[in-house]
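Letters A, B, C and D name the chains as they come in the text, with residue numbers starting at 1 for each one.
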């Protein structure tokens, strides 16, 4: 089957894109591509179906979302393999992603029954005697979701699950590199009672979807991807509700009140999982001078043990990047850094679209490896002088602000970090890479706008309406 | 004194604008106008002062805000007169505005101590054992506020009070027609301990302020004014947090389960207060056919009793509009409507910048008097066929969506209205004009983006940051 | 198997109680009865296991509770039959009870992950600069649950599910008439990972359990049953947390803005479901004089159609009462009422433990059929004079206050009812009998103390602890 | 004036109690004592006035409470002196108490406008489509408040302020030793618009008030005082809502991550303020062995500097106890402890009703100075072995559980303390004595039942009522 998913049906078009396995460079499948007509149809159908989706009760939505979660669980192996095949993600991470997607839909199946309303007396106002306010949330309308290649299932889930929970139709444009998992999800959703016209998965060129950003039947755009594209979308769709989940150069602070042995494994994952192609992988470690040498030595050793191989193998820790273009970019950035004074602690070379892990030091924010989003297997480790303020200043010296990790057992240090680190989230005793699917998630500065995390995404896919209720009826009601 | 207020000081510039009394057409005062240099200074100072304002404790902010409320109360008469003089607002409405501003600052003095944080266990997640989430709100940074002429005090208060409560510096550009009240408020704030550099009131041309909309030291823009300007600001400042409070053509539904005598006085206020120069004045009444004749007759009679005169007189119910240009626009729109089939129920003529109340029927959404924001003393009264769905369809037949009033004693009617009326707020047993200062307030569709109302404005002037806390420390923390 | 369930094991004792089918009067099974030693053991084990249950993560508890819900669903038929057999409840109501119990455990599986904490700044206090408050809830300890015969599964679920969700061990004393379903639930829970020592089901004499009410290892008693026993328990266990769900003589108001045909079926269920052996069945209908005759006529007709028979048959609407003693009590109360001026609208006689439906009028609060809890198939229908205040006064003229139904389409009537009816809950457009398992449920006046409903019961099985956190650490921390 | 305050009027009775200055032993004033008739009148009047108090709007209550706060501020000096005179409290602490009472009423003036309601969809339930739940709180009825001598103003405020905020009438029985401040407060409240019959201050014998504990017109009893009396009240008034704020033997932990110099002054206040006659004064310090000697040395030195004198003098740090009986009790308990192995670190003797500060070590829980509430100027300082678990075990080795202080900069220590200390509250980087008036406050174990702190007390003086609202009206409403 080479179909896209239009309003409940898998259909074929005459144009295709080729989905390849980044490790073997072989085509996995051809997939139909949507043209403007198809996108327009999807939008019109979605808009029409809003009359149905907004009427779904909490129970009905919960049943749909639970069914999706269960089917994902049932198809766990197939989905993990599909993710691994099209994205080059090591299968063990792909499996974890599938489990997270199960959670994402389960959380949504619970949150859809708990959408928060406010109700309070207005009688505290001199003019409010016997008046009460109800602030209720209503689904916002059609959601357009645009998702990246690096989590072909769970970053799709973070848009689709809250949209269903909110009662909104969704049109999904998956990453061109990884549309297969999204289409597999479409198959799952097709089998539920979610209104057919309310969901489409439309692989297509960016230029096509761009034409529809300002479409008046679309009420909300949720985008995960690069800052440049994200902010441009916001500009084009200036009068819509927008959520942007963009990139960053996330950092993790390691203070001296931590047992280094306990954290090394986690830090290697934090830095190199999926070759660093994770928005919140730790690109920069700032380490207390007194534990710097110990950390670096053990970190290098552990990194060297990462097993390279075909992502589909259970033993593979690290594999290829999504494509050669990106691998070359990483190579170039590293070379630029070295030329500008950075030093290798662990040298890694590029072979086609594979880039070996690199650990650098003596980097600074003017080098792209430190100041821009590397989205590759490169980690900078830098010393800070012992005062937590120094570490935080280094963390903040960037235009990005997604997440930050802090390892410490000192209350004053953690307080200082939380108060002063300029990111959307601070992870205590974990690397920046930690994300649980119910957390509010989203960057500040150039890293994004708005929040995901199921409950928070539902908020952004609903809008509030106020009812001022007259609680007593008599001759002098005004 | 002809000064503007720059970062804690009243200073004079070489350029002035003339503030005139719309009733007498006499100049009240000349006021210094800010140029780009001054705006730049104000922004730099505000940005610098953010280090102080963000450290203010709830208690400290509460003391400042309470002091402002008390001083406004003390200067009640002077401020009411100033509002009336520069805006042409009948003094009784000006007095009411001052009382509301007192409330707005009082509410802020209480809300600043109650900014909502979330704290919950993450242990419901398979990976969340011993993890907890704290979601805390932090002030967003410098706020740029742009306010209209029609509530020279309270619409300023709705931006300044929450900004202080949130811990944000504010730069205010007041309406050019009515900067005096804003400057009087500056005098009051100057006497408090709010950091001096954190507040400026800068009368200036729109073209000047436009240059600064994308200034990187500004984090938030809060605008109240026309839709055209509002949406343009959002486009220019696409990567900032924005609140837009724009206009509308608000409607009120009158069903048959209401005692008409009890509501007439309120409805006349709802339609004609301050010559309809109120964003949420009722421009359109939709009336159940069985009470249409009774309502219209009594409504006309009551409207005819409105006393015209100098706004400064206690007995004046209705006076001039803000300027002749607007009065002419109203005149033209009414004439166009009549030419297209509308009928006068009460005819009113224009004399310079005064326009007498007009009541029309047989209007429809294609006429500007009905479909556009009239912002003048013109009210359309139309029959609906008895089914509440008809009334709601009429209400919704517009691009705007600010507020709507519904008079009914029937539960099913009120439910249907609340579920289906496309506005930010629905007022039960009141006209669309009802606003209490703690209410969430803000339109949907073309009428705005985001919410005001003290607590809600504070939310929009703060941003959330997440801390994932590790609740137990042991060898297996991950 | 004739075993009771002690701390994870089914064991036999030498003393038995006989559980009989109320319809056939045949013994279903003999069940081992706990003596004081066994109760003491159960308490000690439960107390010990608290160290485990309080450590369970939200996820772990959620898995346990979901497993229970699923097993109940799987055993749906067997459990429905068991309920019907031991309680004489018509099978269709028994099936509905099982479905509700599924919901009760499912809700608990979701709520256990969302136990509410508070976190707020204390800086609004002059002495609170840099201080913050965390108010977290902790499980309270061992819960003793005592349950009645009328919902052998779901009223057990309403104590067991929140206890597991809260992290508390539970000892359950089921009604002596209906212990079999509770033991079937024990079997289900035994198969989960809930700590074995943390749950016991101990059929025993009331006199035995009474000895343990003040036991210091018990932290919380949750009782559903008669007012006399309930209040006595509260007195004996005066220093423990107590929830009492007691009886009442619930009323339903029928105003004139309602289509009588639409509500008759529901009202017959509201009055006569399970022969009125439901705490919130409608014992008293107060009906607007203008619709009284219509309602009464249709209500009688519909009641007469109720099919009497063996509860195990699908076609049976109404069957025997729990025992002859209760049937005789009903008979006597009806006769007393008739002697004191009440009139039959529908006469019903007693045959052994079966009592036919009775509809009376001209009753008043001094008659037991009206003023006391009848817990039988007797309904009083009375006229009110048209003013809703009259209806509410009649509703309130009792010592009880559990729930009340109100059928109306008028806003002022519903407002008046909700403000003035003295009950724990008011059901709009439904009879008093409506209960959804997430609702807060519990009476006031003599009808109870505290609330059930999963989320609310969890609150009553946890206690709050405050942490005042110092947010900054420096030389002048005090 | 020697009057008591009955339902809005100061009246004299024929029986008096003599209020004496504990320092001079001179009578300050004779005060009329209420007999059973007067108490009955007060209750009847209060009950009647409930119809008024429950109708007060948030705004009206806020105005009343703010007026009280302002009058207390205005009478600051007189009230401080009165407190000092009748209670023997050093004037500097009396002044602080008055400032806290101002806050308590101010907080109530704000909280009365924010009483929390819940509103949520029930559509997550299979039977809940189109149903919504409103859970609103209503004032509970007449409150009987019984207060102790040690905070004659602020512990009265903590019952009166929330009662007014909740909309409840209150009858106050002040401590017989210190009724004058309560009566001064009555004078202040008399001048507001709070309904006259809704407030009484009735000095009387405990035996009199005891007769009314079960009075059916009283809905709520709020008691602060000794455990023995408290639990007896709960038994007698078993079917009422009860809040008990009882005593304790509060502890404070001092770990090794703290600068001892910074905390000594605060610790001396924590131990000896008002001669330890404060429920949460630190009676037991548990100190890390490595800093024990340093702490003890500096603590003794600082304690020795406490200035003894007439409480009315600004320079007095410590003065007499409330009466000789209590001073003798303290003397006896110390002697018993010494006889059982305790050692003096600072010896203090008793002179009449003055007891000098005593610092003991080598105490244990079997000694009354350690295991019972001393309510006098005696502090035990004990070493713990360095493991925070040891410190917590020592803290928990008691029947009481009010508050506990913990000085630490280690996250794992603070976590362990908060999770495991068995008290109502844990104070980070402060002694157990810290109380801000918005905090939830209240002990567990023998130390109390329920919570005070304005918002929490309002919760306990209101009760929730549920409305299940039918959101759609059609033929199939059930």
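Simple rule for what comes next: a residue touches a chain if its C-beta (ideal position, glycine included) is under 8 Å from a C-beta of that chain, and two chains touch if they have at least 3 such contacts.
The structure displayed is predicted, hence computed values, not measured ones.
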{"item": "Most remote chain, CA-based centroid, reference being chain B", "value": "C"}
{"item": "Chain pair with more C-beta contacts, B-C versus A-C", "value": "B-C"}
{"item": "Euclidean distance of C-alpha centroids - chain A vs chain B, Å", "value": "36"}
{"item": "Separation of mean Cα positions, chain C and chain B [Å, integer]", "value": "50"}
{"item": "Chain A and chain C: spacing of chain centres that average the CA atoms, whole Å", "value": "45"}
{"item": "Shared interface positions of chain A, touching two or more other chains", "value": "113-114, 124-126, 128, 134, 136, 409, 411-412, 428, 470, 473"}
{"item": "List of chain B residues in touch with chain D within their complex", "value": "110, 113-114, 411-412, 415, 419, 470-473"}
{"item": "Chain D partner contacts - residues on chain A that touch it in the complex", "value": "57-59, 62, 112-121, 123-126, 128-130, 134, 136, 257, 408-412, 414, 428"}
{"item": "Residues of chain B touching chain A in the complex", "value": "99, 103, 122, 124-128, 131, 133-136, 231, 234-235, 238-239, 259, 262-263, 265-266, 409, 418, 423-430, 434, 436-441, 444, 449, 451, 463-470, 473, 475, 477-478"}
